[in-house]
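Note that the chains are named A, B, C, D and E in the order they appear, and that numbering of residues resets to 1 at the start of each chain.
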Amino acid sequence: MKYAYYPGCSLDATGIEYDIANKLVARTLGIELVEIPDWNCCGATSAHTTNHLLALALPARNLAIAEAHGFEQVAVPCAACFARCKKTAAAVQASPDLQVQISEVIGMTYAAKSEILSYLDVIGKKTGLDHIKKHVVQPLTGLKIAAYYGCLLVRPVDITQSDDPENPMVMDRLLQVIGAEPIAWDYKTECCGASQVVPVPQLGKKLIHDILKNAASYGADAIATACPLCMLNLDMRQKQINAMFGTQFHIPVFHFTELMALSFGYSAQDFGLAKHFESAESLLERMIGGKGA
Amino acid sequence: MALMTEANWEPKVLAFCCNWCSYSGADLVGLNRMKYPENVRIVRVPCSARVNPQFIIRAFQRGADGVLVAGCHPGDCHYSTGNYYTRRRFLVMKRLLEFIGIESQRFQARWISGAEAVKFRDTVTKLCEDIKALGPQRKLRDQK
Amino acid sequence: MRRIGVFICHCGSNIAATVDCAKVAEAARGFPGVVYSADYKYMCSEPGQEFIKAAIAQEDLNAIVVASCTPRMHELTFRKTLANGGLNPYLFEMANLREQCSWVHTDKEKATVKAIDLVKMAAAKANKNEELTSSTMPVHKKALVIGAGIAGMQAALDIADAGHQVVLVEREPTIGGKMPMLDKTFPTMDCSACISTPKMVEVAQHPNIELLAYAEVTEVKGFIGSFTVQIRQKAKYVDHDKCTGCGLCETKCPSKVPNEYDLGLGQRACIYKPFAQAVPNKPVIDPLHCRKLVDNKCGLCAKVCPTGAVNYQDAERLFTDTFGAIVMATGYDLYPWEEIYGEYGYGRFPDVITGLQFERMVNASGPTGGKLKRPSDGQEPKSVVFIKCVGSREPAKAKGYCSRACCMYTAKHAHQVLDKIPDAAVYVFYMDVRAAGKAYDEFYEATLKDGAVYLRGRVSKIYQEGSKLIVKGEDSLLGRPVQVTADLVVLATAMIPSQGSRELAQTVGFLPDLDGWYQEAHPKLRPVETPTAGVFLAGACQGPKDIPDTVAQAGAAAAKVCGLLSKSQLETNPMTARSNPAICSGCGLCVAVCPYKAIQLISLADRDRYGKRINRTVADVNHGLCQGCGACTVTCRSGAIDLQGFKNNQILEEVDALWR
Amino acid sequence: MNAIQIKMREVAGQLLSLGEVDRVIGWEKGRFAHQSPPAFITDETKVERLIWDEYCLTGTAKYLLDDPYRAGKTGLFARGCDARAINRLIQDGQVKRENIVIIGICCTGMSDSVSRQMAAKCCDCTHPTPVVYDLMIGEPVKPVAKPERFKAVAELEQKAAQEKSEYWTRQFAKCIRCYACRNICPACNCRECFADQYRVGWLGKQHHTAENQVFGLTRAYHIADRCIECGECARVCPVGIPLMELNRKLIKDIQQLFGDYHAGVDSETAPPLGRYSLDDMEEFM
Amino acid sequence: MDIIELSAGGTQHQVEIARLASIAGVELSSCYQCGKCSAGCPEGFAMDESPRRIIRLLQLGLLSEALQARSIWLCAACDTCSTRCPKGVDIAALMETLRQEAKRKALIRDKNIHLFHELFLTNVKWFGRSPEVILSAMYNLMSGNLFQDMDAAAHLFKSGKAHFLPRRIKNTQAIRQIFQRCLEKEEPQ
């Protein structure tokens, strides 16, 4: 299967390891990812906070380029970019004159014909679990993982076409296939505040604290995410939260594709596991006999 | 009737409504004070199976701009099988009318239950709008 | 020569506000056949009807057109007026100026033009109306009541007390419905079993009531006065004549399964009575789980049975009977909240239960012997949260209507928790408290005094933390988000029509509304009747309601049935089909389309064109069976068979009148 | 003298002489070479009048209705279309099967009396061999599917509403309300046709295009599911209105909507508009 | 707390409120104030006016109070409220529309949030992408909390998750054109 790949600004910086793992998994599973040439930032929260048209135009340019290159499907690993692209496509499909207006603003024709999929959907829904199972060399048996979806991947339901806004199972099923043990916890789709933690740290960190607390209360060995911003908040800020709330959280956080890479037999060096803040060495040591560390 | 110039021409739409479902659905529109165009004239019949397709030909020939036949949803007919025959009769008559040149929007058949006031209002409103757009129905008309 | 009187009604201002009645009356004077027209404020009132009678006499009228409300409302009223005025009641036509003109239009000028057209149509039809006389048909003095909850039992008892035979059909092994499942009933807190089980016994012992438990109605034919109904009684595998109800078999049966009656909180054997005071108080065998019936092992119950009542080869029985009237009392079910409420855990948390499960627990004869316990660990809950409107008043993903009884039974539950567990904390998340019945609000006040904390706001999420449940809501009176750590959460889920009620409605031959509740003939004027004559409604099947309203409705339905059964003959609707032998060619196409098999071909002595005596076949309509649908009139090419009251020429006159 | 004609005379003679039937309906030579009108023979000595040539165009079945209560049986020469017409009359309860002795003739198609080519109705004929008979003359042939007979209908269907309306208005403007189409049609067997009734309101007696169209459309709808496609109505129409296009439109739709049904092929299955199926196509939801 | 005079000048707001509600695709009258949105809002605890109260303010025509609430800035647009609303009211869209209206009316109730988004968009306008290091550096500088998240800086650079030089796209001209065309329609009141 061939997809236009829209990494987004995070996967070019703080989420670099997510990008590496995505491509590694794609190569293993025979998925062809072609980066959209000269892609631009989707505007994330800041655009739709400021201007409705700008929030639609920025993602539209990327999608228009993908369409111009004949891609029928666009894979979007970052939840924020995914939500913005989906909203743009839905808005343009819903009103022909908006389609004309957007095409004028971006100086290209955008027909909203191509299907937009989160990378989690690409792997979890389009690729098929039995195809993945074939590549699992080193199942992560015994690894109790809290699958964290965040909000933009699953809501609003009619735009994201997610399977369930309250208790999605796509990532859980994926983790099961690679041998891990997904746990039924309660903060699967609670918001982590995303970029809110920068301008309003106390508020943002409270949200992240609640998520970590609930995962810990269910005895999760690690948390899996499918969004670079959730990853950054949960991974980078555990130290800050322990300081602020007097907690002792040291829960390794993974991108779901990193866990898949591990189960496919890659070692930590093959992808950016060392880049994480909360080191996963001791966990992997315990779990899969040090091969992965 | 005041001479209808093209500008202020008002279509006259005939609606055969079955007493048990669509007629009481029409009443419910009134009970809820919902509004729809004044162009509709409803003829009450005991069942949509009472509506002879010849009434439709006759209506168009006498001057109707649009005709609606409304009955209960299949399975809900008060007389159990009436609307099954209605469905067959008007599947055929609808195509015959189109074959002799009457625009398809002018004749509508719809299943509307006694509780579907909104559906009745929307069906009738759309029918009147379509017919206003089409203009007066002159086919099959007496050559006065 | 037709002398028509046209009477335009103002209906107070309902019509007059948007239709110039005087102008319509004035225009009506010009219609063919109209010799008198007038408008009046309230045609359906006493003076209005007198006005018509006077006009008939003075103007020597022989047909009447009343332009007022929908004929479905007052056609009968005005027909009686004509009869009292000495005119055949079918020389009458109505124009619907209210529901289908004044109420649905705003532009007075256009509405008046339309009103004139409608009156012109009615007058044109009146021109062709013929005198019709109704004949009679027999009424079988027997009533069928479907569903034996409190509504069905009450209706059956009232009809039986009036001396009529009743067959009461219930699909569960026991009658009683939801009421015996409850512990107490509001607002008087008297014990539910104490007031429902005696009624169950009374039903079982009543000489005029034939009780068919564990049975379902499979087919209904015919119409008011003579419904032929087929009832299928499931195989019980226990001969209730031999069985003494000693219960020995139940104790010996080895395989236990969750008891549906206890909503999964308790177990039962495979040969079981749903609960101790069940009526009939004899067990049935569960064919799906009984080891003997499934894989032919065990057979213990037959061995221990002192009277040899167990019979594994038992088969279902079919009954057929004819009834004059049918009462629907099929009750309600609770909304399957687990399917749509992800934010409350989709049923994953064992300590999130429904109101009925709460009732089963606090019920002395329930699975926990009246003790309130947390299903997860059996502990006594100290902090209990009640959430109202779960699935009700929620058009976005569940039901838009209010389920009426939850405010009161939740207040009752709160009171029961505070009563049974003195140091318990009770929180009720609500949007409104609807306590509109007699002594209802006082009951709610008492619950507040007991110490129940009412928090005004919907709960957004419940999640587990350790063994506790965290309930997140907002107290919108204070305007602050609130959180409760609860041991037990009880949901007041929406009421929905009982499972299978839509299919049953189609079998019996009437319509449910959009939500599946049975549609009453008129919400205010005919609440316990359906548009289908002879079929009546009682209880929650017509819409969510509590026990007092249900019993009141059951009594009303019984009164209607008694009114019907008190007559031995029923006037038939004279608007039936009639075939004209002179035109009928005997092709028989009409015979096939008649839903009531009311037409057959008969031999007619006649002479051919050469005068020779011959016998030829013509169609003949049985006016007792014909219900006047008119399907035959369309299959008849020559128009030989026509529907009196809605004849081809009458309808075509209405059509022509618009463009004459 | 072709073989069929000889056989016809022989059979007719036998039937009449043995008293099996007391009249025989066939064809005889008319005044002009291109005319072979129906023959009504009661005397076995007159059987020579019977002929079989390429102009035996008229349907014989409907003449049974002239005297439906006649004592004795009738011998009827029936081609493919006549046999279906007999089934039509039986199904409509107008004649009794036992009163007719059907002498089937395997028809090979007749010629149009004007163009001398194969008659239009015979080009489109799907059942040349009689579907019901007591005895048969000639070699039976399997029914032939002829989907192209709906070609004219398909073309007309594509046209714009205005064009279709003008086409039919022009056709029915020619109609002189002679009712020949009704009189010849075996499906039109009412005791009193709606067109002859007084003040029912179906049809105005005025003779202008609009009323003509109402008559044409109403009759087409009356026989929609009972027309046996014998093509006689179009043939006998003095002003040449293409009535078979109307009938074929209805037959095509009924076959598409309710499944393959050929009127008159058997006298058991009821016409589609007189019955229903729970999973009929749903267009009115 | 002063008395709210509902009838005075209420209508003028009603027209404005109706416009905003229609942009957000929300039918204000269908909200029956059940509070489920406020209960589930992750930011609810920090809001001065819970989402339900914002709608109540609009229902009563108090547009200026709604536009001056801090809630519309704290909203993280996570759509929990709109998904769970029993009446199908899209509160998230309403919050977004109110925030845009507040910006247009220069009613900035949370400086830092406003600053962050302005800096983000300025970067995107010039580079076509959002350079995280430059963004956080400029934000720390202009917001005055110089050492925010500095603890993570070392690891970020060491592990290559951060780089000084911003990645610029080739066709930045197209991006500037988008900004210019989108925001020119925007005449700040």
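Here is the rule we use: contacts are C-beta pairs under 8 Å (C-beta built on N, C-alpha and C of every residue); 3 or more make two chains touch, one makes a residue touch a chain.
This one's a predicted model, so the numbers in the text were calculated from it and none came from an experiment.
Common neighbours of chain D and chain E (chains touching each): C.
Chain pairs A-C and C-E differ in how many C-beta pairs are in contact, and the one with more is C-E. With centres defined by CA atoms alone, the chain at the far end from chain B is A. Note: centroid distance chain B to chain D, computed from Cα atoms, is 35 Å.
Separation between the centroids of chain A and chain B, computed from CA atoms only, is 54 Å. Averaged Cα coordinates give chain B a centre that lies 30 Å from the centre of chain C.
Centre-to-centre spacing of chain B and chain E amounts to 51 Å, using the average Cα coordinate of each chain.
Residue positions of chain E touching 2 or more other chains: 45, 80.
The multi-chain contact residues of chain D, meaning those touching 2 or more other chains, are 201-202, 273. Across the assembly, chain C contributes 343, 461, 593, 635, 648, 652, 655-656 as residues in contact with two or more other chains. Chain pairs that touch one another are A-C, A-E, B-C, B-D, C-D, C-E.
On the chain E side of its complex with chain C, the touching residues are 32-41, 44-45, 49-50, 52-53, 80, 84-88. Residues of chain A that touch chain E in their complex: 9-10, 12-17, 38-41, 43-54, 57-58, 61, 104-107, 151-152, 155-157, 165, 189-191, 193-196, 198-203, 206-207, 210, 236, 239-240, 272, 274-275, 277. The residues of chain C lying in touch with chain A in their complex are 342-343, 345-346, 348, 461, 463-466. On the side of chain C, the complex with chain B involves touching residues 70-72, 96, 98-100, 103-107, 110-111, 113-114, 117-118, 121, 506, 509-511, 513-514, 519, 531-532, 575, 593, 595-596, 627-631, 633-635, 643, 646, 648, 651-652, 654-656, 658-659. Put simply, chain E touches chain A in their complex at residues 23, 42-43, 45-46, 74, 76-80, 82-83, 92, 96, 99-100, 103, 110, 112-113, 115-118, 120-121, 124, 128-133, 136, 139, 143, 148-149, 151-152, 155-156, 159-163, 167, 169-171, 174-175, 177-179, 181-183, 185-186.
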